[in-house]
Amino acid sequence: MMKKKKSDVFKRKLYRIIFRSDTPLGKYFDIALLVLIVVSIVSVFMESISEIRARYMPYIQVLEWGLTICFTIEYALRIYCVRKPMRYIKSFYGVIDLLSILPTYTSVIIAGTQYLVVIRALRLLRVFRVLKLTRYLSEGNILRTALRASFHKITVFLASVITLVTIVGTIMYVVEGEQNGFNNIPTSIYWAIVTITTVGYGDLSPQTSIGQLFASILMIIGYGIIAVPTGIVSVEMAKASENEKPRCRRCQDKIDKPNARFCANCGMLLQAKNQPDV
Amino acid sequence: MMKKKKSDVFKRKLYRIIFRSDTPLGKYFDIALLVLIVVSIVSVFMESISEIRARYMPYIQVLEWGLTICFTIEYALRIYCVRKPMRYIKSFYGVIDLLSILPTYTSVIIAGTQYLVVIRALRLLRVFRVLKLTRYLSEGNILRTALRASFHKITVFLASVITLVTIVGTIMYVVEGEQNGFNNIPTSIYWAIVTITTVGYGDLSPQTSIGQLFASILMIIGYGIIAVPTGIVSVEMAKASENEKPRCRRCQDKIDKPNARFCANCGMLLQAKNQPDV
Amino acid sequence: MMKKKKSDVFKRKLYRIIFRSDTPLGKYFDIALLVLIVVSIVSVFMESISEIRARYMPYIQVLEWGLTICFTIEYALRIYCVRKPMRYIKSFYGVIDLLSILPTYTSVIIAGTQYLVVIRALRLLRVFRVLKLTRYLSEGNILRTALRASFHKITVFLASVITLVTIVGTIMYVVEGEQNGFNNIPTSIYWAIVTITTVGYGDLSPQTSIGQLFASILMIIGYGIIAVPTGIVSVEMAKASENEKPRCRRCQDKIDKPNARFCANCGMLLQAKNQPDV
Amino acid sequence: MMKKKKSDVFKRKLYRIIFRSDTPLGKYFDIALLVLIVVSIVSVFMESISEIRARYMPYIQVLEWGLTICFTIEYALRIYCVRKPMRYIKSFYGVIDLLSILPTYTSVIIAGTQYLVVIRALRLLRVFRVLKLTRYLSEGNILRTALRASFHKITVFLASVITLVTIVGTIMYVVEGEQNGFNNIPTSIYWAIVTITTVGYGDLSPQTSIGQLFASILMIIGYGIIAVPTGIVSVEMAKASENEKPRCRRCQDKIDKPNARFCANCGMLLQAKNQPDV
């Protein structure tokens, strides 16, 4: 039993090092992991460049195996030290952690694993956990609230845009036709999306006068309606930002002034902590 | 007379299935219709791809006829079960429903109905009715109110943009000339629209130094004035959103706090329903 | 003297027809003028299309002379019927009116008046007067106030953008060099403007890895700072819109509610006219 | 000692001329400096144009030396007349001033100073000091406050965008492959950035149907999320603009009305100066 307790203490220490960063060891662990992830992403990039692949492939493979073993040990330790391993495994980051190490192992069994490079790029998502980036947002929650509140409006907006590009794409397929590169309706819709989002590759562009007229109208519409989602998000953000104001702990009234020392409603003395630090 | 009443009950039941979705049958009807519309749109897409057309044309034609017969029956049933058939026929969706089935019939009579594919693409608009998408907006009305309120400002804005592209297009026609692809003023205006909306296909681009200077000025203007419609819509949306706040049913005062339990003006107890769910 | 008075009455009538549109004749005059301007602009467009010019040049020239004579008569009448002719001649529209008729006359004297086509395109600006478009804005003045209030901020913003594109353009000239089309610094700056405004013609694009890296950074910066002018204009517009609220005629307090019947400050009964109709 | 005092007076006079512009001499100095900087930048531009370089290189070199000597004298005078020379030398503009003159001198010692042209372009930054442009902003501080307040949100936003383009870039590398120009992952990421920022050069564009589908989704996402930074900055700007309102000097309450004559809280008479002139 004594031994078990020791293991428990060790588990808790390990948990603190791996999942938190409020101890020196935890910070070192985070920095080491960050370096490994960045090295891993860079090696994925390097492997894709044919000149580098031709020369340094063996080295990259050794590096990749080394990194995979490190990440596997890390994954095992995470499962070992959390209280509810299944909950971690099923969590978003648990799945990402597993996916990060799988491709290297499967590449031994199955040949032609070129496609697995995509999965290895997902390692970048782990940077978010290491840097605790999402914490900044969860503090204020403004962005999430704003996006959720404007979800219905954005759905209708997207449905309208998709309908518009489908109809315009079909018109352009009829107007321009296959001789001008608008080979079929899906391609024409692709062109309409390239146009309305103002990307404008130019791989397809209207050649006939009528086609250019329709394209001009589509562009001006696209230019105008870009204001709509911006307006929606701005308004919802202003609202969410309003609701995130600190509240008086006695009367629950919002405190409008950023540095207010007293509640404007009930006169209660507010502590320094009440200041918003968004 | 008894028979007529039966028919009336049947009509009302049918109306509820076709036009509403608050019964299980109504929901099944909506889902079936949605599937048929999507199949129809996909078949329009398929028909336009030359490789697929070469091989599967007979099958697509059979499918198209099947779908058209389904939609014709649906159209007939809609006319049969509504109280005022003419009002439905003249309504927006009534016209769309009719247009959706016409092209297949006319293709028998008149050859070369390639252009009618555009009309068949309009079937996509029917998805909006099935999904009741516009309901989300009509709930809040914010978007519509904002667009109507900013209509005058947007008209002046559009007129200014059109004047600007006409003058800049004419200048570029003179500066660049036909040797650089600016063949005539309409083409130059098309280029100016492509530029000011930041689409930038690159099928036409200034070659002379003076042309590049004018283009640069136009781009920076375009970059700056994109802020104007966004600002207009944002402000009007904020206003409309303000006006859509729930009101106290006794004193008609706006309720500012989202979860207010009492009216801030007259102290009336507000029901839970008063919370905004935009 | 009697005669002079008659002429005065005629002058005033003429003034009302030409400069106003509150009489049936005034409206007919406006419509006729609008038609002539549109015909004039279309004839400028037609003349620039080489196929049409080759065939119909004599007809277009006759049309142009006819339109110029009409506009000359109009210009003479305007000078005749206004009280202070010099003030009209020096006004914005006075100059535009004169410029609209000059090119046709000078084309007789000086050959090679290709460049004057630009001046004839300015006729489009006269549409603004006929449609009284600017009136919509001057009613609220919101746009003008917002733009004037944000003038300083926009100046600094533009100066920063110009500095940024100059420095990035110089860097790209050094990085990419003449072998990749970045022939000189002005061309590189043109490329930087094309990139930062997200136009992206693609006539010039970075070929080297370092160039692509710099271009990527520039694009993300450009994507980010597009928010700045939008934010500036939105905020100023919201402010201006706030200041344009109707005021109580007794206590001069702003009336916040759009349909308020009483002033919230002094309780004065407000007339129906006080409702904002922006 | 008398002499030292004289030198002190001279120093103070010189300081006022060089660093301020509230005397006629100070204004002339500023204008002269502005002209020299503009001439310098134009000469950098001219030198980069091969036709001009071929012909006028000796003249440009003489001009460059003349300008460098002027700027060196100015730099020496600035060091001489400020109270704490080291503080000036280490300041932002001190470093820029030194960098502006270094390239010409080093070009004598080291050959192949083509890269130093970049440093000479930095002279443009000195225009900001001469025109006191940043003063406009520091007056209101609104932009700076807004950007600082939204720093965390923009960091998370940028990190998300970088992660998105990395994953999409990797997907496109796998989908399109080297035969369609997506040679390696860094190039694919470059394409993804070109697409999501709606620049769209078109030097790389998806050729396969699946690639065009992914690209379309990326474009619509890019079109949607452009609203996020705009919303963030707008809201923060509105907040900052709110906090920049003038305050009553007695009770420190914000004065909401732009032209208020009395404080709405304590009734104190406000001076005309209290009006905001943003």
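Side notes on the structure shown:
Lettered A, B, C and D in written order, each chain numbered from 1.
Everything below uses one rule, namely that contacts are C-beta pairs under 8 Å (C-beta built on N, C-alpha and C of every residue); 3 or more make two chains touch, one makes a residue touch a chain.
Bear in mind that the values here come from a model prediction, so they are computed numbers and not experimental data.
On a Cα centroid basis, the chain most remote from chain C in this structure is A. Interface chain A/chain D: under half of the residue numbers present appear on both copies, so the contact uses mostly different residues.
Centroids built from CA atoms put chain C at 30 Å from chain B.
Multi-chain contact residues, meaning those touching two or more other chains, occur in chain B at positions 186, 198-202, 226, 230, 232, 234, 238.
Taken as a graph of touching chains, this assembly is fully connected, with contact between every pair of chains.
Chain D meets chain B in the complex at residues 198-202, 230, 234. Against chain A, in their complex, chain B makes its touches with residues 41, 44-45, 48-50, 114-115, 117-118, 121-122, 124-125, 127-128, 131, 133-134, 136-137, 140, 142-143, 146, 154, 158, 161, 186-187, 189-190, 193-194, 196-203, 226, 229-230, 232-234, 236-238, 241, 257-258, 278.
Of all residues in chain B, only 149, 152-153, 155-156, 159, 163, 166-167, 170-171, 173-174, 178, 183-186, 188, 195, 198-202, 205, 209, 212-213, 215-216, 219-220, 222-224, 226-228, 230-232, 234-235, 238-239, 243 touch chain C in the complex they form.
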